[in-house]
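Per-chain numbering from 1; labels A, B, C and D assigned in written order.
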């Protein structure tokens, strides 16, 4: 055992650590080892020769972990250390290569992951904010552009001012009006198509072609939509078009504007009424065109989603959208697995039913092509189960049981992936919301 | 490199921190910098000139982070610091503007969020407790009001005393009795309406109007509900009315009393039997009135929810209710998205089916208006899938597959939002439950 | 401002804290205040009069928080403090009444909750372990009881020894055998009951009573189950009975043995074959008795659950069961809410359909009593949706939409409650599993 | 009370702890107690007799917890200590048997569990990496084996190089092609089997055997699949076989290669076309063989899952797979419970319906064997609910209600088990991803 005179005093930032010289000699080449290498005959300190004291202007808390590494050969770190601080200290003491004990790995990574999440969320939020903060720096650019940010804020942020609220309310009223017109029109179309359905697609009437022609002509008159509805819809479309145009020219970032699905829906919404005006009453003779226009018109519903703007302050929803955005890889993978499940179980179901139908006492086959099987698979995997197609043989029922169980579990598997991400992003979003106004950030 | 005589000793609350003067000069204008600004010729400390010592009566642990900022230009903070403590220390040392390192942002916000949750939950719980603690302070207000809190506690808290338990039991028995009467009556009404259904709504009989009139008169006699059931229900209603009246006048906060949905249901419950008494046997000739009264009567079921009072101590349920309350924005947003999904997929389904029906070999259209499509969408999105309406064409089936998948995922998306909030509130609710009795709060 | 000579040195456990006397005088009556009360003329310390030093043999880290309370009037606490340690220190320094800052409340409660969870889980696990550890202490009680624990372990723990594994395997084989016999018998019974179904319950045949009597007699012969099946089932029952008897007499805790649902199922399983032996072939003439016996026989399936014994080491499942046990209040509340939902929406559906049926073009009522409505509600709330009952009118469809949405959400609401508890118990269960073998506990 | 002269100074690693001798005498036999045992007359320290100082070269922070144990008889530990560090310190101070306070148990276990998770995940990832890192060490083994790892990486990792990407793309195209052929063929088979279905399984035609024979022969010609499809499929199979062979011989670990389900599927995929070539046109006369070959062909779909290789970098998915792998016990237990639920509720449903059918006004039995009941149970537990089988009697409906509720809850119970594991593994996977490139590990 060593004597007391081999004691070494290391004054790190005012905290005196004492240890034996033999302890420090555990790792040659490090800064502490070098202290003991040449026996310092004329040390600057005024103490006697047996006890030697050195001063370092470093973090005293972390140094105690460094010294613990010399004592126990295991490098640990405190819970609240940040990674670059630790690495800088280790580099200073010549221990950059020292392996961290496994029990401390998570201490470092947890913090770093959170910082990364923080920056990701910060970028996402700033992208939204940038447009709003554009107002001030652009003031100096002359009169011509001054109204742009003003218009953008007026149109895009329903909560920014009283005028924006009114504008948003008017837009909502127009959207509701367009929806009502749309639903009115579906009634007319449904009546028309259910009346003369057979002649349209496959004229397999029993020779009554003359009568049908006449009926179609009559119905062509029936289908003529009420003119006031068309003019009302035109009015709505004018408003939507004006609003969209105003938003488009005042938008600071045209590319992001065009990539937004809601804006794309707005653009497509304008087509039906334009086409109908151009084509005129010929549309009513081309039922397919008319139906396609109707399908596009159903995008009017998406205008209702803008009502969410009144609730936009909800942090949880914005974090949810951000989570889905940043999990696009997982969402794609789940979609791929979903499609593979549909194809696989659909094929199994087809052959299971065919193999099982040879048992006596079974009724007829109830599907004629593989697409009906795939349709059945979707409806079973999602546990909807209409009952229009269902297995009749034992082997098909076995397939169906496995399919239903797998479908039930696939939905459950999605929960952890989304949840873990959501928790992380929500924590940083809350942090950002709290800290930003106080100026700490 | 600097000499040892430039060392500075900072005695902060008894802990001696030592550093170089050059380190401290990193940030001009701060309190530490000022120490070195005028070379102090006559320092109050008795030490020699090379080492100067200053004493500050401040937190020594946090000061080591402050000094770390001078050393590494990065401001970190310990894991367990509270935000106002940190800000006070930084302000004292003249570093109020110093930016906190990103890795430490979450340390501060996590604590603060939890404190805010704590206060929100505290307010929620106190609102419930206030009424109960009203007892003592009101004692001095004279005899006239002394019975009010006593009555309120007796009626509102089934677990407070033996009398309250008995009263609650009696109320439950009356509720069960009212329910039994209600179900008895539905039988009578069902028999009546299934017997003479056609004449009531749309008299499209084949000319048998005379016979129907007679049948209706006969059935009018049949429908006459048993008088003892009416009297029994009147008795129940009397009890409910008395109880409601007693609760209303003894309630300390009338506004909150009226806003509670359970109390509103209690009020509405009283109407049917009153109306029936007033209208007399004319009700039986007006089937719509009778049916509406029956629909209101189904509120009797909500009285059963009062049975939860016996379990009211369950912390998890109260936290769940509080979570839903405080997530009203998210719940509204989900409802809005839900409605938009229904409208959007309903329209798509309509046009998908219409477009797809032109393929040969298809049967008739199975819906006549858009409301059937919306109905189908709800049933598919919730994965109920009755099978009364289902797509027959390939395009409709494609729409249905997308709808079912979206519906399955919408439910899953609700989980993270609720869960994260519930976890936070549950943690603070547990803390409050533990700490309150011990007097630390 | 105060002079340096008012400095006070507090040596707490070796760490020297220095502060001003004025700081310490913030809270009169405390131990620190008393130090400054009488100016101590002859202090035991050898220092000069301006600086006075006191020694306390207490925790130095916590004292820095105590001193922080004097400095900032806010009492904080470190992250890793245990509550009784903190309270003891505060009491020593005369600050038992000091209010903890809100930001530190959760630090204390979190730890305490976890300790409580730990003890709850410990008790649950020890209850299971006690029976297993009974072996050693009972050895000294003589020969008569020595075999009891041996037998218990042999029968109850399939993984304890090779013999126990074999015994468990044999039991499983017998259970599978009993199940096969059971399923064989259902075939016979089904054939019998589908053959002569009408005469059994309600003999509303069109005068063909003679023929039916004859048919019944013929079928009575048909129903006679194969004798070898009965004897085989008797053999299985003998084995089950012997095993149950051996488990019952060797069980250390008879009450818990009887309360276990699996053991109750075992007892009930013995009845059917006994009754059938006693009644003899009279059972075949009393179809209701025979069916009831069959229903009881379905308890054989529960014997398969004993197969879980081979997997019993799974910690997660034991924690899941413990979570459900300790959440019985929440489970009861959910069941109550579930029943209330069924009754409420069932009534609404009934009146919604009746009110809506007055619209023209509707078909017949498809339900004849309220129980069909309740049945529909269950099937809709659980999103099963068979399609045997579904709304036909718009008002009924509206009710159905609300019902389905509510049902979808009710399941989701159960997740957070269970999850939060499961997380807590799982954490402590993992801790216990890790720490027990190492002797730290 | 003791005097000051009994003070003991313990200099641990430079930090001076002071305490009374009486405090240290609390636990005889420990290292600190021994210090006070023989009154040391000639201590090495130069201080006066009343104060004795000892130096220990140990961790000073942990020693303050050791000293706290002497003071309060409760052993606590800091939040960030690692378990072996604590145990080493306790052993040094002679306190290896000291019981840790309950409030500190979780501090230790949490860290240890995470370390264990870390190593488990590390092993899982290294198993994947080993094959990839084989490249370099095998270079020296001569020319014969040098191409193996190169080929393996080329085939197994689509993202490793441009060539690998092209190869993977070609494979995907072949897979899509094989799928298209497969779906084409199902059409042909369906037409064939729906055309002459009756003669195949059970020739219960009304004497029309001659006609059927003829029809079958005709159809035998009809079924002859188009030769170009067969040759195209043969081409695909050749590519798949070549690829599989190349992967097999270049695979570093043959056993793991054979155990992978995707590789097994690849092997089975080769059989159908081979068998068809060997059997020739005899297959078309043996419908069962043809159907079995078709069922095997549905494994082509699994080749699509290889598309996930393009997304393989997704950490969350790999963690999800690892979670499911390491939870095989829980998954098995859930499957067992699932099967037990199906059997139990199936039996209950059978007897419930039979018992309930004796009520008047009921229709016919709609199931003829117990397998239909089990089928119904699966469809109800998974909340699919086709509606082909559903209860008609009140008792059967009660059983169905319980079954549906239990089924809804079973899925929910799976969430916590998976989620807790996933969270743990995801945390360590993130840590590993962050730390590995920086060389800290």
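In this text, a contact is a pair of C-beta atoms (placed from the backbone, for glycine too) under 8 Å apart; a residue touches a chain by one contact, two chains touch by 3 or more.
Note that this is a predicted model, so its numbers are computed, not measured.
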Winner on C-beta contact pairs when A-C is weighed against C-D: C-D
Type of chain A:chain D copy interface by residue overlap (half), same or different: different
Chain A on chain B, rotation in degrees - Cα superposition, rounded to nearest 5: 90
Rounded Å distance between chain C and chain D, as computed from the means of their C-alpha atoms: 25
Mean-CA-position distance for chain C and chain A (Å): 36
Multi-partner residues of chain B (at least 2 other chains): 15, 79-80, 112, 383-387, 415, 419
Chain B-facing residues of chain D, complex: 383-387
Contacting residues of chain A [partner chain D, same complex]: 4, 7, 9-10, 15-20, 23, 64, 67-68, 71-72, 74, 76, 78-80, 87, 97, 99-110, 112-113, 327, 329-330, 332-333, 336-337, 339-340, 343-344, 347-348, 350-352, 354-355, 357-362, 364-365, 367-370, 380, 383-387, 390, 394, 397, 400-401, 404-405, 407-409, 412-413, 415-417, 419-421
Residue ranges of chain B touching chain C (in the complex, touch as defined): 11, 13-15, 44, 55, 57-61, 79-80, 82-85, 88, 111-112, 114-115, 118-119, 179, 182-183, 186-187, 189-190, 193-194, 197, 200-202, 204, 288, 291-292, 294-295, 297-298, 301-302, 304-305, 307-308, 311, 313-314, 316-317, 320, 323, 338, 371, 375, 378-379, 382-388, 411, 414-415, 418-419, 422-423, 426-428, 430-432, 434-435, 439-441
